[in-house]
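Just below is one structure, and these are the notes that go with it.
Naming follows writing order (A, B, C, D and E), and every chain is counted from residue 1.
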Amino acid sequence: MQADKTHSREQRRIPKHERLSECSEESTGWILVIPALLLLLLVYAYPILSSFWSSLFAENLGTQLQPVFSGLANYQRMMGDGRFWQAMWNTTIFTVVSVLLELVLGMIIALILHRCPTGSASSAPGGHRRPFPGRNLVRTIAILPWALPTALIGLAWAWIFNDQFGVVNDILLRLGIIEQGINWLGMPNTAMMAAIAADVWKATPFISILLLAGLQSIPTDLYEAHSLDGATPWQNFTLITLPLLMPQILIALLFRFAQAFGIFDLIKVMTGGGPGGATEMVSLYIYATVMRYLDFGYGAALIVVTFLLLVFAVAIAFWGLSKSRAQIN
Amino acid sequence: MNLIIKKIIFPLGVVVLIAFSLGPVLWQVLTSVKVNEAIAAVPNVYFPSWQQLTLEHYVELFTRRPLLRYLFNSALVSVSSTLSCLAIGTPAAYALARLRIQGEQIIMAGILTLTLFPFVLIFLELLEIIQGLKLGNSYLALIIPYTGINLPLTILVMRSFFQQLPKELEDAAKVDGYNTWQILTTIMLPMTIPALVTTGILTFIFAWNEFIFALTFMTQETMKTIPVAAAQIGGSSVFEIPYGPIAAATVVGTLPLALLVFLCGRQIVQGLTAGAVKG
Amino acid sequence: MAKVEIINLNKTYSQKVVPVNNISLQVADGEFLTLLGPSGCGKSTTLRMIAGLEQPTRGKILIGGRDVTNLQPGDRNMAMVFQSYALYPHMKVYDNLASGLKLKKVPSSEIKQRIAECAELLGLEALMDRKPGQLSGGQRQRVALGRALVRRPDVFLLDEPLSNLDALLRERVRAEMKKIFASQQVPVIYVTHDQTEAMTLSNKVAVLNNGIVQQLDTPTQIYTHPANKFVASFVGSPQMNLLQLQCHRQAAVLGDFLMHGRELPQMPPSIILGIRPEHLRLARPEDPQKIEGTVDLVENLGMHNLIRLRVEGADGLTLRVLLPSDQAWEGERLTLAVPPDRIHWFDVHTGDRL
Amino acid sequence: AQQQRTVTLSILINALEVPVWQEVLVKKFETEYPDIKINLIEAPNDTNLQEDLYTSAFLLGDSPYDLIMMDVVWVPKFAAAGWLLDLTDRINASNLSAFLEKDVEASIYEGKLYRIPFQSDVGMLYYRQDLLAAAKLNPPETFSDLIDISQALQGNGAATWGYVWQGKQYEGLAAMFTEVLAGFGGFWVDPETLAVGLDKPEAIAAIKFLISTIDRGVSPPGVTTYAEEETRRLFQNGETLFLRNWPYVWSLANQNTSPIAGKIAIKPMVSAPEKQGGACLGGWGLGISKTSKYPEAAWRAIEYFTSTAAQRQFILKTGDVPSRRPLFTDPEIVAKYPHYPQLLEVVENAVLRPQIPQYAQASDILQRYLSGALTGRFDPVKAMKSAADETRRLLGTS
Amino acid sequence: MAKVEIINLNKTYSQKVVPVNNISLQVADGEFLTLLGPSGCGKSTTLRMIAGLEQPTRGKILIGGRDVTNLQPGDRNMAMVFQSYALYPHMKVYDNLASGLKLKKVPSSEIKQRIAECAELLGLEALMDRKPGQLSGGQRQRVALGRALVRRPDVFLLDEPLSNLDALLRERVRAEMKKIFASQQVPVIYVTHDQTEAMTLSNKVAVLNNGIVQQLDTPTQIYTHPANKFVASFVGSPQMNLLQLQCHRQAAVLGDFLMHGRELPQMPPSIILGIRPEHLRLARPEDPQKIEGTVDLVENLGMHNLIRLRVEGADGLTLRVLLPSDQAWEGERLTLAVPPDRIHWFDVHTGDRL
C-alpha cells in the first residue's frame, strides 16, 4: 500500500508529453466508462437534482399544485414530523436486523452451495473432484426466493402469517409451541418480526449468490496450503475465505442495505405499514406523500434528507471498500 | 472433525437450506392447485385430497388473458435490459478496476451513492423523462430504467472480480497485441463468467419482477409484463384476493426464472483461473 | 518414527492420463529422497497425494506405520512447498511465514525467533512487510520455502523449491537446508530438476518416468549404475552417449573400433552402448581402448568444452565429449580413451541394463 | 356518419369487470354511437394502485384516459388538483335527482359537480338470521345489543366469534370507523367548517367500543389485520354472527356452496341508543378528464353508461348496487335481488367520508392512530387526540 | 533494424525500493543478451519496462532507433515469456499458442504449422487440448515459452523460460532456441539464473545487482575478467575463492605462501585475491606457484568433487578446489598449483578489479 501510493505519485511527476501511453489508456478508459455514466446520469441524476430543487418549494393541493418558493420551510416541517422519524426508525431497525441476518444466513448458504468450506480434499474416494449430485438443482432452489415477484410473495407471506388461516400458527399449534394463534401482523412487534422474516427469506439468496461467485474465485491452492498447515475449517474460513471475500461481502452488504432501506412492495402488500404505523418505512411514507397526498415539495424534502442520511452511510462503506481493495493485490 | 462436516453437517445443511428456500414456495405451489375452499380451510390442508385438487387456477390464467404475450414482454424486457446492463456496465467496471482514469475515486463514490437511492422514489421523475422522450408504451420505456437501475450493481460486482484477477494475464495479452477491448472480451470476461452470470441473474430477476415502473410506463394491454398482469387477476369480487390464481401466476411467472437460473447456474464454477500464473 | 511409506500408489485422471502408476517408495526418518524425472512425469502429483491434497485412485500411504490414506491434510503434519508457491495474497510476508506456526499455537516469541532465523537464511529480512504481489519471482519462491522451513513437521515435501533462485543463493540455501533436515531427522521428499541438487542433497533418488519408478537408489548408484537406458540418458549433464551398435563377439562395433566393456554372459546381436561425455578423455599411451575422430562442433560450457566428435568409420555416429576449455578444439583430430569400466550396456529392446 | 371521424375514448376499468363492460355496455353503446369507440384499459385490482395510475397519468399532463372512473373519496382531490372537467352545467337538477342523494353529494366539490354516480356502495351489518332466530333474539339495534347477543351466542357455542370488522391499517378501517363514529353521533371532519371531531367524546366512545369487542372476545384479535375478505371468509365459514361489510358479500354468502346460504340478513349499522346508525358510502362514478380531446363524446358516453337502461343491464349481470334510486325497486331487479329494497334503506342513511382534497392524508392519519389504539400501541384517548391534532394541522385549522 | 537501446532507465517504487537504477544497454539484431543477477535485483522489472508493461520513472527505450518509451505494449511487437507464465487459463494449450498469431492475422494454415513445429520442439503435442489448469508446472512453462517462440516478433524477452524443465529437455530446447534466434536475427533479452545457459546461449551478459549494471560483456570476458568482486563471486559455480590478504611487495600473503598474480602498478597494503576452484589443480613439479594444505570437507558434485582445503599456516583460511571425483580425498594433504595468470585482484574497498 505504502509503495503503491508513492508509486502513483511517481507517475504523476512524469512530464505531460511523456505520458502518451497513459493518456491513451486513460482515453480508452473514458470511452468504456462514459456510456455507463451517461445512463446513470439520465436515470438517477436528473431525478435526484430535481428533488433537491423541488424541496425548496411548496407544491401541493393547497397551492393548486403550483410551485411556490418556500425556502427551507419543508425541512422545518419535517423536523416536527413524528411520522417521518418514526418511519426512519422503523426502517433503520428493519434494515439493520434483516441485513445482518441475511448476511449470516447468506454466508452459510453460500458456503453450502460452494460445496466444501475447506476447499481441499473434496474429492470423493476413488475419483476426482466431483460436485455433489444435484448441486445445480440445489443452487436453483436456493435462489428461488429471490426470483419470486415481491408483490405476489408479500401476499403469500401475509397469508402465511394470518392469525386464522396462516401456516405459521398452524405449525406452531400442531407442534404445541403455542396454545393460541399469534396475531402476527396485528401487533407492532410481531408485525415487524414477520416483515423481517419475509424479507430475510426473500433477500438472503441475493447475498448468497454474490458470495458464491466470490467463493468460486478464490484459488483452491490457498486452502490446500492452509490446511496442510493444519488449519481447521473454521480457521480456513476466518483466515482465508473472509479476507479474500471481503470485496464481495461489502458489495452485498451495501446493496442489501440500500434495498432494505428502500423496501416498498413487500411491506406495502404485507402490512401496509400497520399496525399503527409500526412497520411503516420511509419509502412508503414518501411514496404516499408524493403520490397520494400530492405534496411534492415536502416529499422532495423527505427524499433529500433520506438521501443525505444514506450518503453518510456510503461514506463509511466506501472507506471500507477501499481498505479491502488495498488488502488484495 | 472434517469427516463430521462432510458426512453430517453438510448434508444436514443442504436439507435445511432446501426446506428454508423451498418451504414457502411449495406452499405457493400447493395453493395454486387447491380449490378455493381448501385454500382458506381451517385447519390448513397440507395434503389435499383429490377433490381438493384442481388445475382451474392455471386454466383460468391461460384462458382469460394473453399470458404468453405477457411472458414474451417480460422476457424481452428482461433479456434486453440484462444484456445492455452487462454490455455497458462490464466495460465500465473494467476501466474502473484496471485502467488509470483521473477522478476514478470520484466516479466510484458517485456510483456508490447512486446505489443507495431507493429507486421507487425516482419513478415520477423517470416517468417525466420517459414521456419527454416519448417512450411510453414502448419496450424502451422499461429497458432504459432497468438498465440504469442495475448498472451500479453490475459495475461494483464486476469491478471487484476484475480486481482479483492476476494482472500478469493482461500484461501477457498486451504483449500479444490485444487491444483493451479484446483483452476485456477475450481474456478477462471468460475468467469472470461466474461473476457475469451472477450479476446477469440478479439483473434479470429484478427486471422480470419489477412492478411499479411496469405498471406506470406500460398502459397498453399488449405491452404488460407478468407482475402487472398478475396484479390484474381478480377474484370473484373487487375485495377478494384471489390466492389460488395469484399462486398459479407466481408459479408460472417464476418458472422461466428458475429455468434460467438452472441453466446458467452451471456457469458459476470454480477454478477458472487455475494454472494461469505461478506465484 | 515418521517414516513415510507409499504402497502401490496410483492416480488416474482418465484412461490416457495416469500421472502416477503404481509407485512404491519408502523414506525413513532423516532420509532425503529426491524425485527426479522429466516434466509431467508425476512428481508433483505424487507429492500432493502424500500431502493428502489429492485422493489416490489406488494404493496406500503410511506415515510412521499408520495408514493416513484417508486422513485430512491438516492431520498429517507435513510441510510442503508448492511448485506454484500458493502464497496467501492478503497476508504480508511475515504473516505468510507465521501462519502455520500460529495455527499450531506456537508461542509468539518463538514464532518471531524462528521467522527471524529463517528470514535471515533466505534473505527476506527487508521484505517482511510486503504482500506477495510486491515481490519478485525469486522472492516469492523464498517465502514459499520459508513457510515450510519454519515449521517443525513430521515430513517435508518440497516441490522444486529453488528453481527460481540464483546459483549463489541456491548453494547457500541448499547447505542450510541440509543442516536443518539433519537436525530435525524427519523424512524429506524433494522434487527437483537440478541434478546437482539431487546428487548433493539426497540419500536416495527415485527416477520417475510416465508415472513409474525407473530406479530407486543412492545418487552415486544412479549415476554409476543406471538401471536402464532412460535413467542413463536422463541423469547426468551433458547427457550420456547412447549408441546402438552391432556386436562382434564380446565387443560392440563402433566405426573402425571394437569396444569392450563389462563382460556379459551372452552378447546379443546388437546392443546399446552408453558412455558419459565426462568419462571420455584424451588418450594417453597406456590406455587400453581408444577411438579416433574429428571434432565437429564445440560448445563452451564455461569450465569445459562440450565437443561433438565424428567417430572414424562410424558413418555419421558422433560422441559427445567433455574436455577442458583451455584449448581450441575446432576441427582437430583427436584420439580418445574409452575406459572399459565406464561403459554401460543396455538391451536394445527393453532398454534394461545388461 | 361515414364522413365523421370516429373518436376513441379510453377508460380505465378494473380488470375484473372488463368483460362485463364490454358485453353489457360497450357493445351496445358502440352500435348506438358508431362514431365513438370505447377503449377499455384494464386496471389492477387494488384500488390504491388505480388511484396511483390516475395520479401519475394526470401529473404528466396528457392523461391517456378520457373518462375517469372514480371512487367517491377521490373526487375532492382530483377536482382540487384541477384534473376534472366541471359537469355542473351538463345535467339538470331533475335528471340529477334520480340518483341517490348521497352519491350526488359525494360527487360535488366546492359547489361543482365532477362525476356522475355509476354504482353505489355502502357498508352494512350482516347477521346470522338463523342463529338469532334459534335463540329467539331480535337483531341488534345498539352497540351494546351487538355485544350482548354476541356474548350470549358465543357462550352457548353457537358461534366462535361474535362480530368481525375490518381493522387492518388501510382505507377500509377509516370507512368502517366512519360508521361507528356516526353511530355514536360523532363526526370526523366537517367539510363546511373543517372542524375536526376525532377527539370529541363520541369519537372516544367509538374507538373504545371497537377495542372492547376485542377485549371481550367478541371479535378475534386478528381483526386488527383483517380487510374485507378475511372478515367475509370468517363469516362465511359459519363461525361468526355479525359482519360489517359491503354489499358484495350478499351474493357470495348465498352461493349454494356457502354453508350460510339463506341464513343471513342485512341491516344498517347499529348505533348508540337514540342515535342514527350510519353507513359509509362507497361507490364509483364517471368523470371527464380535463385533458380529454373529446369532452362531448365523453359526456355522451357517461350519459349512456349511467342511464337507467344501461344500469339495469349492468346490475342484473353483476349484482352491484345501483346509483339510481328507482332501480332499487325495479321489478326486474328485485326479482333477482330481493334484498335491494332493504338495501335502499341502508343507502339512504349513508354517511360520507370527509370531502376534502387532503382526504387521503387525513385518512392515513386516522388509520394510523386507530390501528395503533386497537393494537395497544397507543392509549386510545391520546391516540384520538393526536389524530385530531394532526388532522387540524393538515387542514390548517389548528 | 530492431536494435534495442535502453538509456538511463530507472524505476522507482518508493525511495527505498528502486529495482532499476539507471540502466543503459544495447542489444543489436541477432544479439543475445542475458541478464544475470541475484533474485530481486530488477531483471524482471527491466524486461517489463522494455515490453511497455511498466512505465519507467526515468529514461528512454529505443527500438530500431525509434523512441518507444510511450508506446503501448501491443505496438512494440515483442514476444515475452513471463516468469509467472501468465497463461490464458480459459484457453486450451493450442489457443494459448495461437492467440498472438491470430491477432496478427497470420493465415490459419500457417498458424497450425508453426504451432505444430513448436509443439514438437517443446513436447507439447499430446497436451494441445488441455487447459493450463490441467498441466504440470513444467508443461505450463513450456506453453509459456511456446507462446513466445511461435511469434516472429521484433524482439524476444524471455524471463527464466526454462527454470522448471529437466536438464535433458532444457538442453534440447536451448539448442533449438539458439537456432530459432539465429534464423530470425532479432535481439533477444534473456533472464536466467542458470549460468550454463547464460554462458552457452548469449553473446553478451549483463550482470545486475541492486538495479545497477555491474558488468556488460561477453560471457567469456565476464568469466575470465570479472569487473568487480560482485561479478567474480556471482558468476561461476562453484563460487570463486575470494580471500582478503595482506600484501607483501608485489605478492599477497596466503598463509605460508606468497601469491603472485598479474603485476599491478602499485600494490595496496591489503588486497582481495580471487581464484576459481576449477583453476586450482594438483601441482605438477614444473608449476611455478604452489600451496599446501589439508582436505577439510569433500562434496561430491557428480563429475567432480568440491574440496575444502585448509591452507597451511593461513589460520582458518580455506580454499574451494574442484578435483576429479575418481579418488577419495578425505583427510589428505595436497599440494596445489595456483596459476598466476588465473589470479584476479580486487580492491578491498571498492571491490573493483585491479
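The rule is simple: a residue touches a chain if its C-beta (ideal position, glycine included) is under 8 Å from a C-beta of that chain, and two chains touch if they have at least 3 such contacts.
This is a predicted model, so every value here is computed, not measured.
Visitor: Just tell me the minimum hop count from chain D to chain E, counting one hop per pair of touching chains.
Guide: 2
Visitor: Quick check: more C-beta contact pairs at B-C or at A-C?
Guide: A-C
Visitor: Just how far, in Å, is the C-alpha centre of chain E from the one of chain B?
Guide: 56
Visitor: What is the distance in Å between the mean C-alpha positions of chain A and chain B?
Guide: Centres of chain A and chain B (C-alpha means) sit 15 Å apart.
Visitor: Based only on mean CA positions, could you tell me how far chain B sits from chain D in angstrom?
Guide: The mean C-alpha positions of chain B and chain D differ by 39 Å.
Visitor: Please list all residues of chain A that touch 2 or more other chains.
Guide: 3, 11, 22, 25, 121, 164-165, 219, 232, 244, 291, 328-329 - these are the residues of chain A that touch more than one other chain.
Visitor: Going by the contact rule already set, what residues in chain B reach two or more other chains?
Guide: Correct list: 2, 40, 42, 124, 231, 241, 271-274, 278-279.
Visitor: Where in chain E do residues touch two or more of the other chains?
Guide: 13, 52, 72, 83-84, 134-135, 137
Visitor: Using the touch definition up top, name the residues of chain D that touch chain A in the complex.
Guide: Spelled out, the residues of chain D in touch with chain A are 48, 51-52, 55-56, 77, 80-82, 167-170, 220-225, 230, 233-234, 357-358, 360-361, 364, 367-378, 396.
Visitor: Looking at the complex, which residues from chain E come into contact with chain B?
Guide: Its residues touching chain B are 48, 51-53, 72-74, 77-80, 82-90, 99-100, 103-104, 131-135, 137, 140, 147, 151.
Visitor: Applying the document's contact rule, which stretches of chain B touch chain D when the two form their complex?
Guide: 37, 40, 42, 124, 127-128, 131, 215-216, 219-221, 228, 231-241
Visitor: Please output the residues of chain B touching chain A within their complex, sorted ascending.
Guide: Interface residues on chain B, with respect to chain A: 1-2, 5-6, 10, 13-14, 17-18, 20-22, 24-25, 27-28, 31, 40-44, 88-89, 91-92, 94-96, 99-102, 107-122, 124-126, 129, 144-145, 147-149, 151-153, 155-157, 160-161, 163-164, 167, 180-181, 184, 192, 194-195, 197-198, 201-202, 205, 208-209, 211-212, 226-227, 230-231, 241, 243, 246-247, 249-250, 253-254, 257-258, 261-262, 265-266, 268-274.
Visitor: Under the stated contact criterion, what part of chain C meets chain E in this complex?
Guide: 13, 19, 36-40, 43-45, 83-84, 123, 134-139, 141-142, 159-160, 163-171, 193-196, 199-200, 219-220, 223, 233-234, 236-239, 278, 299-303, 322
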